[in-house]
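For reference, chains read A, B, C and D in written order, and residue numbers begin at 1 within each chain.
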Amino acid sequence: MAVAAIGGDTHMGQTVILGVIGSDAHVVGITILEQALTAAGFDVENLGVQTSKAEFVSAAESEDAGAVLVSSLYGHAEQDCQGLHERLADADCDAVTYIGGNLAVGQNDWAETEDVFRELGFDRVFDAETDPEAVVASLERDLDHTTTETERVSVNS
Amino acid sequence: MLRDDRIPGDQLRETASELRDRWPTGADADFEDAIEFHESLPASKRFADVLESADRPLLQPRAGVPRLDDQIELLVHLETEGGADLLPTTIDSYTRDNEYEKAAEGLAEARESGNDTLNGFPAVNHGVDACRELIQSVDAPVEVRHGTPDARLLAIVTLAGGFQSFEGGPISYNIPYTKEHDLEETIEHWQFVDRLCGAYTERGVRINREPFGPLTGTLVPPAIAIAVMIVEGLLAATQGVRSLTLGYGQVGNVVQDVAALRALRELGEEYLPDDAVVTTVFHEWMGGFPPDEARASGVIGLGGATAALARPDKVITKSPQEFQGVPTREANAAGLRTTRQLIDMMVEQEILIDGIDEEQNLIERTARSLVESVVSHGDGDVARGTVAAFDSGALDVPFAPSDSAAAAVLPARDDDGRVRILEWGDLAVPDETKEIHEARLDERARTEGRSRSFRMVADDVDAISDGKLIGRPTPSDGGGPGDGVDTRGGESDAD
Amino acid sequence: MLRDDRIPGDQLRETASELRDRWPTGADADFEDAIEFHESLPASKRFADVLESADRPLLQPRAGVPRLDDQIELLVHLETEGGADLLPTTIDSYTRDNEYEKAAEGLAEARESGNDTLNGFPAVNHGVDACRELIQSVDAPVEVRHGTPDARLLAIVTLAGGFQSFEGGPISYNIPYTKEHDLEETIEHWQFVDRLCGAYTERGVRINREPFGPLTGTLVPPAIAIAVMIVEGLLAATQGVRSLTLGYGQVGNVVQDVAALRALRELGEEYLPDDAVVTTVFHEWMGGFPPDEARASGVIGLGGATAALARPDKVITKSPQEFQGVPTREANAAGLRTTRQLIDMMVEQEILIDGIDEEQNLIERTARSLVESVVSHGDGDVARGTVAAFDSGALDVPFAPSDSAAAAVLPARDDDGRVRILEWGDLAVPDETKEIHEARLDERARTEGRSRSFRMVADDVDAISDGKLIGRPTPSDGGGPGDGVDTRGGESDAD
Amino acid sequence: MAVAAIGGDTHMGQTVILGVIGSDAHVVGITILEQALTAAGFDVENLGVQTSKAEFVSAAESEDAGAVLVSSLYGHAEQDCQGLHERLADADCDAVTYIGGNLAVGQNDWAETEDVFRELGFDRVFDAETDPEAVVASLERDLDHTTTETERVSVNS
């Protein structure tokens, strides 16, 4: 793993919410991610492990988050994420949503797993081989993009 | 108030009967009836005796699926095709959270769909009779393996169900496994579990207890793991446990692993009462695995080799599918056989390695200082001392998700690959020990031409899954040989 | 008459042109053209340089299939998915017997049916251009691996085809590989091969030569293997070879294997001329493998661990399908990755093992006495001495099928698993050495409560495939954990 | 591997021919087999490695062999054994024939391999996991059996 140089640019001040959903306690992945995102200049709100859907939604709402990053390792991701996107929508949260980690119980087919989480509403689905740098790169793209669009909209109105 | 005192018999009974009302299956857990069932079991299913009398390291996998018939099939497979000496039953996550309702739903779904919708065996939902059927259907002794902070009802049901070994402890099944469980309360819950085991023990059914040594599984400095084992051992012994298997998770440095296992045994025997039989268990690498079965087999191979050198009483094996998810039974059996082959090829060889004593000494000094600190934090009471020591950070576990732990300690490997401590927080360790660690880490920093920092930690966390022991900085990051997995990981864009 | 003298240039040319007429493809092997081709290759394909300048043990598998496109695909797979540092091309058995006609038939059949009807790549039949296509299609340097007593035409074609390393030698590719080939003649044939390599070397294309260290692969006492390596090295050096990789096959005892590899390097440097660069290659266990991929991975794991401790320049890996037959490319790559994981996890650790020096000393003394005996058998001429020493039994190889060897030597493991000699035949070894071996074997006999006998040998031959290092007598013979293979072997009745 | 006690009964004096066929040089298996058969009291003629069909046939003929045991490890067994049984028949040799070892190139299906060698005429086909004791037991059965039948035939004639 390579970690980005400490002190990159700040990314539009948009907060990134990070947490492990459900009763999952695997903390190492988000610890590494938090460090990499912070080093890349993101404003990270790390909710830690065993975070409920409600906690994700209220954090996203109160921080006006640009992105919500959900981690799940222990194999119950699908059950744990049911309804999360509906609640985010109810809260008028338009953050991009990522999910990553070890998303199925057992030796499942990845393409299948991926579809399941797209159906649930996630914008991007990451497997457990994900390099933190790839997450940084993706977020940079998605958040700048979102920001630009928003700006354009306000100029036009 | 929390105290390291034995729970009185009437209080045990009272709490037990209260707990048994929490879920319908509790009613079937009758103690006298259970004693009778245990007495009916052949000697080959007496966990403590089998383990304590073994003349070679016994092998045990991890395994748990929702349905009873599947679980039986799985265990029989691991016995016959994997050569497992001791069997596990791993409990699902809902049960670990005491969410028996959700576990019931998962079990029903599993029964209908045939899919494994739970990540383990919901023993409480299955109940006493199903557990006994399981015990009767296999030849080896069986242990309950879980990760449950409040495992009281689970213990009531499974021990009545004929299991003779029970993993976990108030620190080791709280600090690495939960965020919000109160440590004091967890200790009380485990005093109950240990007292229940003690009650069986008094009646001649010596239940084996196994504190979970690997903790967060991720670069845990040996002295920390050992200190936790001693503390949990002491708490269990107070409640009447007489068969204790102290655990340790491989860090991957051969000298350090052998030294740590020796230190564990040494201190276990020193600190624990004479009437408790102390054994040791070595867990094959508990951190992130390579996403490739062939390289995973290499990691398992190093585990087997280390076990052959250190000769613990028991080895918990990993499967080559560890990275991917819950392994197939075939992969699980494969992990057992790869380990067995290495142990059996090496165990008769005399391989004397230099420098183990020195490392063992360092580990023992550090572990002792942590244990003493717990004792003094509690004014001589280990139970209260544990809470206070975690509170002050005098005792701490790296990467602990729990609010009860400071998680200020950060480990990193030195230039030889031994796990040292980079950030100490308030860990109760002598200055002289800190100097040794720091000197070793400085050596590594010099070798790598970078300063000591969290980047070393992050690199070390990924190193073994990336194919190395030490997370050295690499000039280019990509490249390297393929890993037998189709996509080199990463995201799938939804657009 | 046979002499250890350099073949004169004109004789080399004459023999070469004669040999080139033996099979149509010979005509394309033009020396000047070949030099040009070699000079056109990038530095990364110069076998000797890549091997000699490596700072860690390089990995090389074995692999050969009949068709060119398949062979290219196979090698690319081993490079990209296995991370092989050096590549092989294993030659089929007909070519080894110089039966190019039969090889042609097999190749034609393979092309038609798509099946691998040959057990290797018939390089002579493919010819120079096809070899060059192969060399150009991969990134790493490639070696010819075979087992051919008379490999002259094979060398002419493959060296012209761009291969830069050539395995084998007059003893190591005769004694273990054939029954009737005359040893004297084989030496002459290899003098030619070595002289050809020398001719390339003189022109700046330093062809690497690798005598085959494992011999019969079955409990070969290290001193015997090392003596053969020195003798073949000397013969090759006489002909102008300047890059020599001496081999040794793992016996499975860690101390003995590390000691043997050190002794090999030590004696190699001592005996061989200063202008020859000596490197070493460690072959993972060459004897019978377990009929189970998981346990085979354990054997491979021990190979990797031993390599990490001994740090040879090169490691020849095995695949988990070794028992079964020629491995799939995936299994072959898996063997590479398992080995790589173990080496990379261990190689940075300082693991100092006691008693290696003593064993190394014993091996060196014995090997020296064998080499000296060869020299004196030939009145100072190593070539003639080799023939005479095998004839008298002063030099001998256990389980040698060749009529040229006495095959009177029988090995067995001692109580620590080290390979000792049970039957000496007329092996030229000092009495004091014999006493040491006998004392060690007596120790084992006492442990097992049986007398030293061929039964130990037979039990040891099967031990690793049965899951142990030492073939101890077992009270019952059956039983044991399953081996992941459906039938526990045996016969299928035709009735 | 367990080896039978040295000095069992002698088995009807019928010679057992043993050898590795073709240009195969794997000698360890037949070395172990020879030792086990001899220890069990069989009269073994070991032709060694790289034995041609002709050598097998002439040895079987001249020794009036009760059994011919062919070993092959290197993967060319099928080609090497073509016509062996025809030649044995031509020589009026009625010995039982066994083949054993590693009988196919690569990772083939055993049942298929087995059929191939039955078609070629072998009475029994053994894989590479064969315990020498199993070979001893089989031979004891087959040779006693053969002898008895022969005797019965001569009584009837």
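Keep in mind that, in the parts below, a residue touches a chain if its C-beta (ideal position, glycine included) is under 8 Å from a C-beta of that chain, and two chains touch if they have at least 3 such contacts.
Keep in mind it's a predicted model, so treat the numbers as computed, not measured.
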item: Cα-centroid distance, chain B relative to chain C, in whole angstrom; value: 44
item: Centroid spacing, where centroids are CA-atom means, of chain A and chain B in whole angstrom; value: 30
item: Chain centre separation (chain B, chain D; CA means) in Å; value: 54
item: Arrangement of touching chains [line / ring / star / complete / other]; value: line
item: Every chain pair in contact, whichever chains are involved; value: A-B, B-C, C-D
item: Partner chain C, residues of chain D touching it in the complex; value: 1-3, 20, 23-28, 31-32, 35-36, 48-50, 74-76, 98, 100, 102, 104-108, 110, 114, 118, 122-135, 138
item: Partner chain D, residues of chain C touching it in the complex; value: 93-94, 96-97, 99, 116-119, 176-180, 216, 218, 287-288, 291, 321, 323-328, 331, 399-401, 454-455, 458-459, 461-462, 466, 471, 473-474, 477, 485, 487-494
item: In the complex with chain B, residue positions of chain C that touch it; value: 80-83, 252-255, 290, 292-302, 304-305, 330, 333-342, 344-346, 348-355, 415-417, 464, 467-470, 480-484
